[in-house]
Structures are given as structure tokens and as C-alpha cells.
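Each chain carries a letter (A, B and C) given by its place in the written order, and its residues are counted from 1.
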Amino acid sequence: MAGRATTRALLLHLAVLAALVVLYWLLPDYHRGVLARVLVLAVFAAGYNIVFGYAGLLSLGHAMFFAAGIYGAGLPVYHLDWGVGAAFATGVGAGALLALVVGMLALRTTGVAFMIVTMMFSQVFYLTTLYFTQWTRGEEGLVLPQAARRLALPGLEIDLSDPASRYFIAVALFSVVLMASFAIVRAPFGRVLVAIRENEERVRMLGYDVFSNKLAAMVISGAFCAAAGAAYAVLFGYIGSTFATIQYSILPLLWVLLGGAGTVLGPLLGTVFMFYVVDITSGYTSAYLLIVGVALIVLVLFFPKGVLGTIRERWLRWLP
Amino acid sequence: MSFGPHLLLATLEGLVTAAVLALTALGLSLVFGVMRVVNVAHGEFFMLGAVLAWFFSTLVTGSPATGFLLALVLSPLVVGLVALVCERTVLRRLNYDPEATIVATIGMLYIIQQLALTFYGPEARPVQAPFSLRIALPWFGYSGYKLAVIAASIGLILATWLVLTRTRIGLIMRATQFDRETAQNFGIPVDKVYAAVFALGAMLAAVAAVLIVPIQQAHYLMGLDPLLLSFIVVIIGGLGSLRGTVVAAVLIGLSDGIISVFFSPTLAKMIATLLVALVLVFRPQGLFGQAAR
Amino acid sequence: MAAVSPLLQTRGLSRSFGGLRAVDSVDFSLDAGEIRAIIGPNGAGKTTFVSLVCGRIAPSAGTILFEGVDVTRLPAHQRVKRGIAYTFQITSIFANLSVFDNVALAAQRRLIDHAERGGSRFSPADLRRGVAEALERVGLADRAEQAAGKLAYGHQRLLEVAMGLALEPRLLILDEPTQGLSDAEIDGFIALVRDIARSATVLLIEHNMPVVMALADRITVMNNGAVLAEGTPAEIRADSAVQHAYLGTPDDD
């Protein structure tokens, strides 16, 4: 029973990852570039999904974790000439640490207050990037020199600005996060998170420290989002305050809602779909925000479970 | 200018900010208090009020007062109507679920902003003040219009307060706020009260915006700051408390005016936002509010 | 652990809501292995009392000893870890999760604790076995994959008990477990509680007097937040104060 469903789900996820690898040879150049970017953003969405989709915490401040990854990785590369590997690790660490501190404070609140508090902490982060404009160049941002964007491995040096290496590094990062999400969701910890979403009081009376579990979810989520940010900085070479604005807290919410909150593959699906909708419609209209707005309202009115959430409910109950 | 007059000027400017902020935040507070809905699109109703004010004031030629008065009447009405449509078509269908309404009002925020950009454009446009009286103080001259804004805001807040505490409509609203189910059982049309409150909240923001456009130009992105400041005010004042909202608006408006004279505005905003977030974490009932029932 | 000390003891336990003393300085003692029923009219403070014991609400005054250790200040989840399990009066299973996952949440708690105390790490197979055992005992083994919310009401009550069982508690608190069950289901339930009592102490809040008389070793009667009487079923039946306060009233629920 449970074992067979796990095998089936595992095979599905591995098939998706294999398809992403194969797509490289099937797609034209332009779409390889788009997909690399989408995969990095899907990691961001997957991180958000841990907190929002599984633990049921509506955060409006996840831009700060993404941006912590961007700045945590980008600033050392730009100002200190750090190697890409160390910078990436610093970015992830910065996001996890920030999530720990923010979580310890914000998780004292629930519901609407949690949403406002996370939004405000994120706004403070954004203002901080503006305040230290001599280091960050604020909205204008910094472009990492191409020479700095090289990943030095023993006996091998990878140029991260090369489209092929960019694509496969994005796939690799996404694979790690996807399989990690899969493992978390299937683990006892994931079961506790879902239960917290459904009924916090009952979870407490089953002997779980709800606060610590939520905090752990925040830190994991923060680390994933920061990994996306750090990868974005070194792969695409641009860091700026824009990534810390409220809009970047709302985008992962939209992607996750669209793909299906609380599904492992939902964030990828939502990000791909939304990215291409905007990409295609931008040929006809510049009203990009209109599409985002309408999508949010339509989703919340008619498809609150998103694409995969609806599919799971109707047909594939084993989908994690 | 020496320190005394400088401080007086900063205080006057702060009071103008506070006056407009109090009206805007009052709208947000009312909607949250009665409906338990966090309206993220509130700032966009403010923006819409300002943009429409520009539109209506350009319809008439002649004395600027005519155009301004036309805007003062029509702009809030149109914004109220827009809010009413949003409430009926979206929020009601969501059954006012707190999280779903937040997502939906974020959607409205983007839609209104984009429509303003498409039809109004990216420019900032001024509206002429209805009169250009300058009041001569011993140290500097001060805009009579700004003083009128403070007076108008006080008048409107008093009117709102009287409606809430002295009339049947106010009683119905407070009853609904206190306990939706019981109110329903007593035959109060809760559904209609919600629609009216949401429209009224948006109209307060629109009035505030019309008052401010002769001082600050209308722009399609102008909604974000009032939204964040209103959140701050409503939180400090205690969610849903009218008196707290007004006191907090004056406090924030004044300190904003005075602090930005002496500190970098970014740093001031940073510290203020952080402090407010901490207030919400450690004193969720606000600095002036009572502990939750 | 001293064998002579009772499993659970409260001294002067009180809780007020506003001006109302819902639980008023209750001294209570429960020995290991007992089935104890708490009865009393509605509003007597029974649910508040057991909520204080399991830590859902904090007392205004008094102490709670569990296995001789003061647990008054411990948060609820730590009391559960020490062996106090509570099943809710209003069914509060996780309706959107499968029956398996509901029980697994309880079973994995015990397995994690075991591993933390230096035992071996548990495998998914251990978890499945733990869940299967608990479901077997309440007779829901064939419904493991169903969504819990889709179960019939009587089965939801049983699932609630299975979750309590999977924790392998020392003290299982059942808050009106037979409410809303059919007569046939109640008979099955009585047998189930007798089975549970072989491995755990049972504290039962119950309105249904035949169930109480059939199960309880001793009965505590509460009224107005205080203990009115305590004794064997026969003693309680004969107590005139109890009859006046409780048994004398027509049995309307």
C-alpha cells in the first residue's frame, strides 16, 4: 500500500528530472535560457511551498530569503573576489540564518499577524539594501564580472555564463531541491507539518512541539529560497534590490497556488506556466501585472488547490 | 531659520501627513475591524482616488475650486463603487476567509495598478489647490490649503466617529463587528453591512487622496506608501480601534515629519518598520488597544 | 519510580474563567491500572479538569503530579511524551489525511521518543506495524487508506481512540467517547476500553451511566467545579448527595 505509492511517486519525479535533462537537446536556444531561469525560480517556489503548502503558513516576506541568497553570494563575489562555491554556501547560510531569526520572532504570531509581520521584516530587508547603497547600488544593482563567475572544481573549471553549463547547473540544483522536498514530505517530519496545517491543537496533543516544527520548516524553506537566490546571482550575474521587493514575495505565492500548494511538483508547474503565460502575452500587451492580478483572483476563487492539487483530489491520490 | 521655527514647520508638515494618514488608516481599520479582512488593495483605492481627482479636475475649466470640489465629490463615489464591485464579485464569494481574501486583494492591487498605468500613464500629474491663500507666520509663510486639509480631516474623522457611536447604522456596524453570527440572528443584514463597510473604507482612502493631490502629485505607484503606513498605524493603534488609529496616525505622522528632518528617510523607515513588526510580535493588541477578548 | 505513589495526583487544582471558578481546588488521585470515570452534570468542570491534567489549559492554582513528578508547568506536548494521552470530546481527527496518516502521527511520536532515548532508529516498516496494531485493536485495519473525514461518525470516534492507543500512553483520557454512538457500537466500545485497560490507566468522562457502571473501578462525581463524591459504582449509586445533584435529574442526554 504505502510502499507502492512511494515507488510510483518516486518514479514520476525521476521521470520529470530525466525529461528536464533531455529537453536541453530538444529546445531551441531561447527556451533553454528561459528554462534555466525558470528552474532557479522554481527552486524559490519549492522553498516557499514547504512553509505555505505544507505547514500552512502564509508568509508574504519570502523575498527576503531569496534576496539574502542573492546578496549573500553576490556581494562576496563582487567585493571580495570570493570563489563561486564558497559564495554560494554563504548565500544559503545567510538565508537559513535569517529564516531562523525571523521565524523565532514571526512564529509567535499566527494568521493575519504572521502575514503582516513577515511582510514587514522583508520590507526592512529591502530598505536595508537601499540604505547600504554604496555596497549594493540599490535598485540599480551590481553586475558580477564574467571572469568571477567560474566554478573551480578539482581538475575542471566551469564557466557559469555559458548557456549549457548554466542549464545543467540549474537542473542539478532543482533536482536536489525536488528530491529533498520529496524526502521531507514522505518523512515523519513532513507528516507533522501537514498535520499542523490541518489542526495545530491536535498535533500538540499528540506530543509535538508545534513551534519547533514550524521553525524547522522556516529554516529549510529559507535555505531553499536562498539557494535559489545564490544560484540566480552566480548564474545570471546580476544582483539588485528589486529582488527584495514585495513583488518577489508574492510571485512564489502565485506560482505555488497555481501549480498546487502542498504538492511536490506544483511549484515547478506553476512557475513554468506563469513564466510562459507572461512571455507569450508580452508579445501582445505590456499589461504583465494585470495577468498576475487576474491569475491570483481566478485561482483563489475557482481553483484554490491549483492544478496538481485538483488532479490529486480527483484522480491521483498517491501524488505527494 | 533657527531651531524653534524649524521644529514648528516640521510639526505642521507632520500634522498634514498625519491628517491624510488618519483618514486612510481609518478606512483600513474599519474594514479589518468589522469584516476581519486585510485589504492589501487599500493603497490602490487611495491611488485611484488621486488619479480620478486629476481626471475630474480636468473636466471643468475656470476656477480651480470648481474642479477640486467636483473631484472631492465624484472621486470617492467612483472609488466606492469600484470597491463595491470588488466586494460583491470576489470577497463575498470567498466567504471572507482571511487568507483567501489577502491573496484576492493582492490580485486587485495588481489589476488596479496596471489599469491606472494603461489609462493614466506613468507621469505624475498635479491638481491645482482650490485656493492659494498663504498664511503669514512671523517666521515663514505657510500654505492655507495645508491647514484646510488638517481641518477637513478632523471634521471627517469626527463625522465618522459620530456615525459609529451615535447612529443606528453605527450600532449595526458595531454589532456586526462584535459577533457576526449573533448579529445575523438579530436580523441585521450582515451581508449588506459588509458591502457598505468595504465601500466606505475605500471611500475614506479616496477622500484622503483627493485632499493630498494638490500637495503631492497623482502617480500610479503612489499607493504603496500609504498602504504600509496605514498598516503601521492600524497595528500600533490596535486592530479595529478607532481612537487608537487616530492617535497612532498623529504619532506616526509627526514622528515621520520630524525624524526625516534629522535622519535619512530610509533609515527612519527601516527603524520604524522594524519597531512596528516587533510591536505586532510582542504586543499584538497594539500599544493602545485592550487585550483580546 | 515509587510503586506506592499514585499515577496521577492533583492538589488544590483550580482554574477560573473571568469570575467563574470552573475547577475549584480539586484534590484527585488515580492509581495505575484503574479505570476511573468522572461524571457530573453539564458545566460541572469535568472537561476543564482533564484539560488541566493534559496541559491544554494552564491552571490558576494548584499542582499536578504524574508518576510522582510535578508536571504543572510542563507544556502539553511534553506531558504527552511522559505518557498522558487525551482524546478530544469533539472529534478532531485530521479529516483530509488518510486513516493511516492519522494514526502514524501518533505512532511515530512514540518511535521517535524511543530512538531519542537511545533505542534504535525506526524504519518505515516499524511505523507501518505500529499503525496496523492500533488500527487492528479498534477494528479499522481495513480502512487505512481511506480519508479520515470520509469515515462514518462512529468510526471517527474509534480512529480518535486508535490515535490515543498508538501513543502507548500510561494514562489515556477519554472525553465522552460514546457520545453519538449506536448501542451496538457502544457494546464494542466497552470491550475495547477493557482491552486498553490491561496496558494503560483509563480516565473516562462519560454521561452514559450504563457504560460507566459497566467499566469503572471507581467513580468521581464533580459538581460546580468541585469533587462531590468518590467511590465504587455501588457506593456512588447509594450516595444520596449524588442522587440529588446528578442521578436524580432525568437522563436527558
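Miscellaneous remarks
Assume contacts are C-beta pairs under 8 Å (C-beta built on N, C-alpha and C of every residue); 3 or more make two chains touch, one makes a residue touch a chain.
Quick caveat: nothing in here was measured; it's all calculated off a predicted structure.
For chain C, the chain with the farthest CA centroid is B.
Looking at contact counts per chain pair, the maximum sits at A-B. Spacing of chain B relative to chain C, judged by their CA centroids, is 52 angstrom.
If each chain is reduced to the centroid of its CA atoms, chain A and chain B end up 34 Å from each other.
Work out the mean CA point of chain A and of chain C, and you get 43 Å between them.
The residues of chain A lying in touch with chain B in their complex are 58, 60, 105-106, 108-109, 111-113, 115-117, 120-121, 123-124, 127-128, 130-131, 246, 250, 253, 257, 287-290, 292-297, 299-301, 304. Interface residues of chain B facing chain A in the complex, by the touch rule stated above, are 36, 38, 90, 93-94, 98-100, 102-104, 106-115, 117-118, 224, 228, 231, 235, 264, 266-267, 269-270, 273-274, 276-278, 280-282, 284.
Residues of chain A that touch chain C in their complex: 1-3, 188, 191-192, 194-195, 198-199, 201-210.
Residues of chain C touching chain A in their complex: 54, 56, 75-78, 80-81, 85-86, 88, 92-97, 100-101, 104-106, 108-109, 112-113, 124, 127-128, 144-145, 163, 167.
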